[in-house]
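In the two complexes that follow, chain A is the common piece, with chain B as its partner first and chain C second.
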Partner chain A sequence: MDTSLVMTGLTNVLTLTNIAFVVGGTLLGLFVGTMPGLSATMALALLLPLTFTFDPATGLSMLASIYVGASYGGSIAAILLKTPGTPAAAATVLDGYPLSQQGQAGKALGISLFASFFGGLMSGAALLLAAPLLGSLVVEFGPVELFAIAVLGITIIGSLAQGSVINGLFSGALGLLISIIGMDLTTATPRMTFNNINLFSGVEFTIALIGLFSIPQALTLIENAHRDNKVASRITDRLVPRFAELKALMPNILRSGGIGIATGLIPGTGGDTASWFAYNEAKRFAKDKSRFGQGDIAGVAAPEAANNAVVGGALIPTIALGIPGSSSTAILLGALMVHGILPGPNLLTEHGDVTYTLIWAVMLSTVSLLIVGLLFTKASVSVTKIPDGFVACAIITLCIIGSFAINNRIFDVGLMLAFGLFGYWLKKADVSPAPMVIGLILGPVMENGFHQSMLIGNGSYGVFLESPIAVVLLGIALISVLQATPLFRWLRAPFKRRLKHG
Partner chain B sequence: MNVSRVFLGISGVGVAVLFYVNALEYPDAAAQMPLIYSVTVGLLSLAMVVSEIWKRKIASGPDTVGEDEPQATEEEKGRMRGKVSAALVFALAVLYVPLINVLGYLIATVLFMVATLAMIRTVSLKVAAIGIAVLVTVICLVFIAFLGLPIPLLPSFV
Partner chain C sequence: MRLKTLTAALVAGITVSITPMMASADYSAAEEVKVLIGFKPGGGSDTLAQLVQPYLSESLGVNFVNEYLPGAAGAIAWTRLTTQSPKDGSVISVTNTPMLMTNYVMNDAISYRQDDFTPLANVVTDPAIIVVSNDSPFKTFADLKQAAEKKPGTVTVGNSGVGGDDHFSTLLVENKAGIEFKKVPFQGDSPSATAAMGGKIDASFNNVGTVYNQIEAGNLRALAVLANERLDILPDVPTLKEQGIDVVAGSSRGYSAPAGIPEEARKQLVAAFDKLATNEEFLAEAKKRALNVDLVTGQEYDQMFQDVESQVKEMWANMEASDSQK
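Our next item is the complex of A and B:
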């Protein structure tokens, strides 16, 4: 690990401007997370154009803090409204809402906040230690291995996305296909541009992000706007948990934090998977399992520690390999790209100062979360009173001005709306847009890797079999695809039968 | 059967064919990846359609609406109303974009918000008025004053 880069990242983050943006970002993330129907990804996508004019350290710090803030904010609605603010807070409803019904909303929120804080700190430390280690391993990778990593990234994300594997892979492949639009850099051939000059530079990744993640959410809010709004439970007790309670919960928090980090490491899985996994483990380890679902604080601590730990975990493959672990980290990677930093293993070397700034920003945001959470959790309840219909229309307005701000072109606004409509269609078809966005990011990486590899191999596909690392990575990619096919089930059937009879 | 997914699969095949046919005209180096990607998208789209049809075959059980039918119809009506609202708001958003150049950002945004909120009819007049004022002020401050976005604030004919 290059300590000078680590220190540069730390000093970049610890400026007054950045600290102010981190606190503001955490607060914004907290409010966004609290509102059911809004996600961290949407907030990040909407605010990405703002960071264009910022210094990279400031922009990244703000985005990281929104991500961290929203991860906790989701639990506020889960505990007080019985509606998770974000999908990652769904497991928190099980014990958080019964606690608020018993007049212990403050206690539940306090446990959630401290568990989120410890989970976040753990993941920040893991990110700081593991990303450079993994990065130092992959820094020697050539085009063949980079191509294999990109293939693995897209197949794993596609395979693990919500719904069926076919849908996830379809979404990823579509992203790759869209990534070829624009001028081909090696032959200067315009591809699928329909002679439109605006498409010659390709489809702007941020435009697709805003459209795919924000417009469908706004339209869904409008669809459900006629439903009665739920009334939030009141917070009547103290927010800060007792030391003895926290001490008793510590093994649970540490275990759940570990689960969150490990889950975040796997591209395509996110806070929702981690929080259910941690909840189940907390229940399995509990002495009295019957209290789970009735208002057990362990049932609040586990999912909250896990979903905040996912933040750092998901950033490890993003930073070390250039493969975003989730749609939110894809946006953080997009923020790096906005500043001319391309995804790949050189993130930790050539652009180490900015990358370490992002890592430290996650740590600082976690500390900020504790302070902002203690001060503003009660105030954030009022955000839930804003009518969904208004929020939806405001999101559309922000999407339009935000997409215009990227290149000052009306064409981009039209493109964003088209992506928005397509995202809405994907939502109706229950197909995740995350692999598509990741396909858009990894498309150029994959194409460059492929062309360079073919040059090395004198046009022979055999070049991909000459590198043992590439063979292993491509083998895993193949297995991740095959495991969804009937062939795999047919191959597994005899083993299953033997297990049953044995 | 998820009809949206079936149509998505069919459209996917169409898109894949379009990209494939176009890629055949490119030089070899430029055509390689589009050809690989379009074949992949085409195959996955087909797989998506086939799996939906297969699922429908398996799940062809008896219809069990029975006594809950009136309630289901009411719910269905609400859902339909929501979908129509969403479609109309999206159409208004499409109209709003060219209006910015004609009426200026301020008037176009206020008109868009008023029209959409009036259509949704779930926001009170007071909340809508305060909300629109706050939203327009924040956008003007952040995007126009702070970021210096070159967007016309007032009508072009003023």
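Our next item is the complex of A and C:
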């Protein structure tokens, strides 16, 4: 049964329409990634509503390809402008920009492209191998286990925020609160709806997502519109790297890809963590460390292989457990939900065809990235010349159309704008919106799981201890909470001291 | 202004599908009939609309244009139909029973009532079915009933959500059989069925259409269907009726207009639905999509509305009474 689903997914992806959308999506992702200030998450949030009317295979293929395209696109601005196009490309700046100053921009981009390609392929393969294993576990997941997963996901919220843990928790708690809006599942009582019928089914998470991720971005662009844009230099040397160079980089790329997959697996850590991690490891393994930071191609290959490998890694918990590994995968999860597919274990059984379609789409996008990248990298440089004001207006227009299209409701447009303004304020206050989105998604899973478990267990909390899976998951959650408290630091202190002396 | 028209045009392009016009007779009330659908495109109501409307279009000679207004379990579309739509026969809606009634019986904030509608016709019914995991100790409904009698309120039974048709079917069965289950609401049909499959709950109330494949695959065992007679597709599954519990329930979908539309328009619409009963092509198409045709038109559909409403009210009152005792 599993193999047939895998093949169904493959045939779903390999239609002419889908291939066209994947190529288009990669190109779009490339451009968005190149533009400093626009993130892959934002592009996905904006384009999600456009995919509603597509069939699931086409919609998911396009979103996956935008994600993959933007992961590489981020390195273009990093290398040419010294401004990472996406946060995940920040590490690429260190060696990429010196290379471009030495007139080797093409070489740097070529290495980045091929490293991205291999990283992406590795993560796709990991995803394909892991999915069937997880699929067999699925029936074991009932309300009790789902509750435990949601608790685990929520404890990780703190780490999702870049910077302050308190800010992350604040944002996550807000998300949980907002998820309470709507009808209670067990009693059908409307909560916090102000008797407004538009709120009875709760706050649609895609609406919040569009507002939170796109509007603040657009407003910031407008704020900075008067500043002089840095104009990228032209690429003069050749893009395709020499075979010998690639061969020498292969161990580095494989290691970085592995790091990317592993980092992606941990919910809450994304491409930025993975690329710094891979960069540091590459430096540690290098024979000649002094060249790092002066324009070593290994310093370009490592973060780029890692941040593309994160895509597949992050999709594993998303698909198997319905817990997104990053804010970008949260949106892919949203795309699945739009097509009537609830997050969680069902993704691999009942909706296996759609899920495998997504997995194959990641693979196909990686191949498409290599081709599109070779053809259009030089052209994408001109994207950085578009004035910020134009980009901002286009984003806001798309936000409005997108949020209306979800339910044909003007109420949703207002709601999206409210989230947008709130998100802008959060941004000024240095609070990341990502934990809020996770809270919004996991809130209902946790609440429903809790109510159902209580009903099944006759009101006894013991029901959570009867399931081994739930015990393990809750245990990990407990550890992840404790490690952030002084208690853990105190416990660890003796080991740390020994390490220092040893 | 330009943005507004652009938006409107875009949205119209995205969400509206127009049934091809094939003129033969003429509908008197309007050039075009708008159909409000209270659920997402691709859902059960949309499936029905895609099936039925080409045939209606053929016999009435007008186009049917769908407008999707998902949210609040259909209540947004039905509120729009009854309070904000012209009562001239130019706007109708896909109406689901018992969802239409449970919405306002359970929730005072929903303002429409059953008599705000002109019921036209019910078209399909997906009968309720009781399923257990394949290795469940419950082999028949009698086993399940016995267990519930022995220890009232401990046998866990899943449904697709409070106020949904499966929850309502469970209440009806409890009431008729004089037993009490522990009802566990899930978010939709398949999570409830999956929980039963994994043995997380003792049984699940579902609709035939949503669990048929799992029954065929041997993952779930059906104990009883809540239909008038055994189904062609599941000939070995007994009805509850033959086991002495007279409950027929399920999820039904049909069409209604707002109350107070011109009598002539109502007659023409109902006549168009009546024609479906003998349309071989329509019946074959419905079978192909695994939809169980259950045509109930005009006055009889009106009666069905009233019956369902009084049942829903009674069940809800019972439930609230027993909740307040606890």
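Worth a mention:
Simple rule for what comes next: the second predicted complex is superposed on the first by the 482 of 502 C-alpha atoms of A that agree within 3 Å, B and C clash if a C-alpha of one lies under 4 Å from a C-alpha of the other, contacts with A are read in each partner's own complex, and residues count from 1 in each chain.
As a working rule, a residue touches a chain if its C-beta (ideal position, glycine included) is under 8 Å from a C-beta of that chain, and two chains touch if they have at least 3 such contacts.
Fair warning: this is a prediction, and the values are worked out from it, not measured in the lab.
By the touch criterion defined above, A:405 reaches both chain B and chain C. Contact with chain C, but none with chain B, is seen for A:452 once the two complexes are overlaid on the shared chain. Using the contact criterion defined above for the overlaid structures, shared-chain residue A:195 touches chain C, although it does not reach chain B.
Using the contact criterion defined above for the overlaid structures, shared-chain residue A:431 touches chain B, although it does not reach chain C.
By the touch criterion defined above, A:141 reaches chain C but does not reach chain B. Measured by the number of chain A residues touched, the leading partner among chain B and chain C is B. Contacts of A:290 after superposition on the shared chain: neither chain B nor chain C is touched.
In the superposed pair of complexes, A:53 makes contact with chain B and with chain C alike. Shared interface residues of chain A, touching chain B in one complex and chain C in the other, are 52-53, 186-187, 397, 400-401, 404-405, 408, 451. Listed in rising order, the residues of chain C touching chain A in the complex are 3, 7, 10-11, 14-15, 40-43, 67-73, 75-76, 79, 106-107, 109-110, 154, 156, 161-163, 182-188, 190-191, 194-195, 197-198, 200-201.
Taken in their complex, chain B has these residues touching chain A: 2, 4-5, 7-9, 12, 15-16, 19, 22-23, 26-27, 29-30, 32-34, 37-38, 40-41, 44-45, 47-48, 51, 78-79, 81-83, 85-86, 89-90, 93-94, 96-98, 100-101, 105, 109, 112-113, 116-117, 120, 122-123, 127-128, 131, 135, 139, 142-143, 147, 149-151. The part of chain A that touches chain B in the complex is made up of residues 50, 52-53, 164, 166-167, 169-170, 173-174, 176-177, 180, 184, 186-187, 189, 191-192, 215, 218-220, 222-227, 386-390, 392-394, 396-398, 400-402, 404-405, 408, 410, 413-414, 417, 420-421, 424-426, 428-431, 446-447, 450-451, 454. Across the complex, chain C is touched by residues 52-53, 139-144, 183, 185-188, 190, 193, 195, 197-198, 200-201, 339-340, 342, 344-346, 349-350, 397, 400-401, 404-405, 407-409, 444, 448, 451-452, 455-456, 458 of chain A.
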